[in-house]
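Next up: the structures, one after another.
One chain, chain A, appears in both complexes that follow, with chain B as partner in the first and chain C in the second.
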Partner chain A sequence: MTVSRALPLSRPDRLAGRLGVPLLLGAALAWPFLTVRTQPYLLQLSLNILIFAVLAVSWDLLARTGQLSLAHAAFYGLGAYTSALLATRLHVPIPLAMLAGGGLAVVCAVGLGLLTLRLRGIYFAIATLAFTETLRVVAKQVRFFGAATGLVVPPLFPASLVGQYLVILAVLLATLLVSWRVNRSRWYFAFTAIRTNEAVAAVMGVDVVRFKVAAFALSAFFAGLTGAYYAHVFLFINPFEVFSLAISVGALVAPIFGGLYTTAGPLLGAVVLRAGEEALRATIRSGHLILYGGILAVVVLYMPRGLLGVLVALRLRRPPAVAVGPAPPAGGAGR
Partner chain B sequence: MALVALLAVLAPAAAQRAGPVRLGAIIPLSGPEGVSGQAMQKGYQLALEEVNGRGGVLGRPLELIVEDDKGDPPTGAAVFQKLVTRDRIDILIGGLQSAVTIAVVSQVLRQPILMAWTGAAFSGIERDLVKDADWFFHYHPWDYHNTDSLFRFIKSTGAKTVAVAHEDGPFGAGSIDAIRAFARNYGVEVTFIDAFKSGTPDLTPLLTKAKGANADVFVFISFAQDVVPIVTQARQVGFAPKLMIGTPPSWPIGYERLAAGNNVAGLALWTPENRHPASQRFVSRWREKFREEPTSYWGPLAYTNVVTVADAVNRAGTADRAAVTRALAATDYEGPIGRRLTFKRSLVGRYQGFTSLIAFQWRDGKQVTVWPEEIAGGRLQYPVGYGR
Partner chain C sequence: MLIFGTLRSGLYALAAVGLALSVGVIGIVNFAHGEFLMLGAYLGYWLFASYGVDPLAAIPLGAAGLFVLGGALYRTAIRRVLRAPELNQMLLTFGIAIFLQNLAVILWSGDPRTAAIPYKASALALGPFTIGLPQVVVFVLATGLTAALYALLGRTRVGKAMRAVAQDRVGSAIIGVEVDRIYLLAFGLSVALAGTAGLMITLQLSASPYMGLLYTLKAFAIIVIAGLGNIGAVVYASLVLGLAEAFVEFYVPNGGGWSEGVFFLLILLVLLVRPRGLFQ
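Moving on, here comes the complex of A and B:
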């Protein structure tokens, strides 16, 4: 069943909405060809932003069920290690190795999910953190995995920054598509019901564990794939980098900043945070991190629905430019 | 993407080719290694003042653009692109952490530039990425050079046995295989090896076990934050080997005032007590300019980096890469590090600078150089007889 929950829009708004996505997509596709010769710095920076955006959007998928996961770094690291080991030890072609990285992340997410998704709130967060730490310690101890020293990894498209960009853009588009489809299907109601009141959702017939495991698996797949991508683009992984708590925390900060439980919010949050951080770093040589932290604190304190919530509120407050047809029903904002 | 595009507006205008000779440095000014990166930046300042005070290079001013990699590999890769394409640097210098170095090298492989690199001790870099590269000059010793220096020093003391405690990250655990191999080669028996998590407040169980191994020398491979707990808690458990040797990247601030830290030895590329005239001149200029003591070797190493690159450009008579590469390869420089710098082949790399460390011993708050003998400022006290 497909459910339509469009915002109440005037015709110009609808037109802008219809044009907006193709325009953005066109710009994202044209971007590497416009910048590769004149501004490869911006293109390189875009890789970092897109990696961050995939992590943010995929983390949000699980958050929609009300679970705060700190296992995103675990799946990211699993993807990185799986792909690196397959490519270096078994000489598996890199694209296949990357997919295998995502696949193993899914397998582990399902296993971990079945064990832990009955836990809620802080208990679930601690269980996922423990899982990440366990993987980090194992990777650090086992010589086959490169132990604490880490692994040097073969490159993906070594001669082409454009090729590297297009791969991570494709991964991001796939993540956005999944996120968008989830929010326009009956899964949306299941996730929202689980997040709002798990007991009531169960009484209403929602298979809570199944939906949570599915969300966990989807979320893990993209994290694993992105970890694999990271390994083959930056050519070195060690347990401290790829199983770092900073990855899990970064993945949850962007959706909170941009707007939780939406597709556009985590994307917006990731782009604004990473590009903003770089802009601050380039303009304020010392102390930019203080300003960056201050901006984060203001958004969290005064914009509880994130940047997207503010944008939607501003648009709803604006009177329609052209009155078309009957008055639209209320509700649906912010998704 | 629109926000990223905005960055273009914020950026400086494209460099003029006829202007100054431009160096670009990638170092960590923030993050866990920020203190070392800031010391490097000060070393650069001293070198730039000196070079430009003498008329610059090729009759043009020498300009240095420093970028903060934050200790983060993707940031290192991105700022490399900025330096090369936007700032149009002629030569890339700097470098501290191995992971960032690999990310930068991954870019240089695609976009060759002369890389006069100070940091990164992980020898996997030369083995897997820059083997035989004619664009990579490495100033800092590799990890196997460091371990070789450690065991040559231990051997020089006459010690027969050694106990090792190391932090469990890449810094500490990465050299364990080499430690076993070098110990065998130098005829020193390793009676104890154990790991600890950096930042652990109570290390007495580890130190009690190390004490039980009854080795002549105790080596701890740790970060600065673990040094004080190790030396003070060793006293608490009555662990008094003939010599304690620490190898932190930099010693904690205030260590010189720690009574329990007296007579502990350390290995480094350089110490402020180095008696070489160039080193003493460097220290006095540092004190004058920054109103502080230089605390780590990253300052003089960064200074050496800029001065030797500038000298190579002058000798080459052009900033052209091939010519500067040949000139840099012919470097023979004796500066603040106090030893001659030339570039020779390492295990697999083409241009390796320093290949050994020196040993010092803390005496009344000073790092007295004790090994090798030819540059020693004092005799090693051995056995020490650490009290409780």
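Moving on, here comes the complex of A and C:
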């Protein structure tokens, strides 16, 4: 796999920092109070965007080790089901149940991570997909899990859209903080080394197993927590929705679109894609995703470093020396 | 049970062998494979509903059309990601898949379309068993086509070139194989095979925009069981999958629902125990 060599990855993130983290944070905090009375629909939509953003940022954490996971929906669904079952059947307080959802996702991620250590590339992707789909079939078949009809879930913040928004914003901030910290610690070098060449990394003394499993666990925790949040906010879950491939794909499309292996990229990608999708849905009633698929193909072919890469290139006024992440094809149309 | 499983595996083999070609020869992980099958199914429906063309009679035309589509896609998109990381290949083909799915939604709406073919419900009596006629026809045709593909790969110059490229791209280029053209051919063929499988599905089931994913996944399951790149073992792997599904449907309570999980469990087991596939 061709991977980052020269360009310091912190540069795109630093740019994002200069764009004004405090400003963005202020806007994000003010947003619910500005919209709740006049535009509740926009606020509702924001919940969706933020959920999607957490998934994207947390998916990128695992991607940094070079593992292309399609198991994000599995952790999301595990979180949703665990929390919903604990809250309805055992009357566990909801915040605790949500944390337990994240916790079980971590446990499963560690198990899956250890089992799939040997698998790389497409093998890993298929195995994680199979894991997700197996869970979906189990949830669909077993009556205890609500079977195909799904489960009705008690609410986290009854009738307070602002409260719900602030909770997911807090989860997103925590995810962003972890993602940002990881890229600024020695983990960054370990992840990059593993992604570039696992064998060499191991020879150089990187504990490959530990870092891979840790990345898996970290990534799964936020996915599980978000799944639990989804359950308690939308009050109903079924196996087709929470274990859906669309969740896993959404979680990986946003980082690609925004800029892989960074903190700001997945966030940017998630916000632009989800908001764009909604705008398309409003204008084209059926099949609005046709453009989505087209955009995805075009981005892969012509914007190998994502939106953030384009922004950075514009700012630097010259193309970066070496591509980060998706490499332009040899002799192809990339920059 | 055995008969059901075997009959089903014929179609699976046809659907999977195309994907095996694209993964094995070109090294492209095509997540849009099932969508080409979906296009074939709609083509079958549309030709039948508008012009009364029997889906079986439409196979040559449909296969040719999809071959051209596959070739065009190879030229415009696939070729550019040949040496890119797998992630890019997967995403590109995901993009194509989403595009085609929603194109189908726009063209034919989200509702399933069923072609009312007169002999759809007719059955054959075979000793104590009754089997649907379309199932038998599809099995025979699918097996025939798969066998023809194997003959092509094994006997002809082009087939040998394909196998050579699959083994060693650089080496083949040095001895004068036009790798790019072989890739074009293999991808076109892969898409055409998927489309043919889709046309055959029109005989038994209906066409819907979202049917592709299921077949992509089943085809993946089969080539994983066979071992990625091992085109020869696809037939056996299809048989394994077809029989396993039929077994679960017959002997497990509420098996119809569980059977859709069978191939995922099979994939997981095979990948974890023998990542190189059962037949290598």
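As a convention for this text, the second predicted complex is superposed on the first by the 291 of 335 C-alpha atoms of A that agree within 3 Å, B and C clash if a C-alpha of one lies under 4 Å from a C-alpha of the other, contacts with A are read in each partner's own complex, and residues count from 1 in each chain.
Rule of thumb we're sticking to: a contact is a pair of C-beta atoms (placed from the backbone, for glycine too) under 8 Å apart; a residue touches a chain by one contact, two chains touch by 3 or more.
Owing to the predicted nature of the structure, the values given are computational and were not obtained by experimental measurement.
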{"item": "Partner chain(s) touched by A:272 [first = chain B, second = chain C, both, neither]", "value": "first"}
{"item": "Partner chain(s) touched by A:109 [first = chain B, second = chain C, both, neither]", "value": "neither"}
{"item": "Partner chain in contact with A:86 - chain B first, chain C second, else both or neither", "value": "neither"}
{"item": "Touching partner for A:140 - first (chain B), second (chain C), both, neither", "value": "both"}
{"item": "Which of chain B and chain C A:289 touches, first, second, both or neither", "value": "both"}
{"item": "Contacts of A:155 with chain B and chain C, given as first, second, both or neither", "value": "first"}
{"item": "First, second, both or neither for A:254, with chain B first and chain C second", "value": "neither"}
{"item": "Partner chain in contact with A:44 - chain B first, chain C second, else both or neither", "value": "first"}
{"item": "Touching partner for A:121 - first (chain B), second (chain C), both, neither", "value": "second"}
{"item": "Residues on chain A lying within both footprints (that of chain B and that of chain C)", "value": "140, 148, 289"}
{"item": "Residues of chain A touching chain B in the complex", "value": "24, 27-28, 31, 38-49, 51, 140, 147-150, 152, 155, 158-159, 161, 230, 233-236, 238, 240-241, 271-272, 275-276, 278-279, 281-283, 289"}
{"item": "For the chain C and chain A complex, residues of the former touching the latter", "value": "23, 29, 77, 79-88, 90-92, 94-103, 105-106, 109-110, 213, 217, 220-221, 224, 228, 254, 257-258, 260-261, 264-265, 267-268, 271-272, 275"}
{"item": "In the complex, chain B residues that touch chain A", "value": "1, 3-8, 10-11, 30, 68, 73-75, 77-82, 84-86, 98-99, 102-103, 105-107, 109-110, 122, 124-125, 128-129, 168-170, 172-174"}
{"item": "Contact set on chain A toward chain C in their complex", "value": "1-3, 63, 68, 115-116, 118-119, 121-123, 125-127, 129-131, 133-134, 136-138, 140-141, 148, 245, 249, 252-253, 256, 286-290, 292-298, 300-301, 304, 325-330, 332-334"}
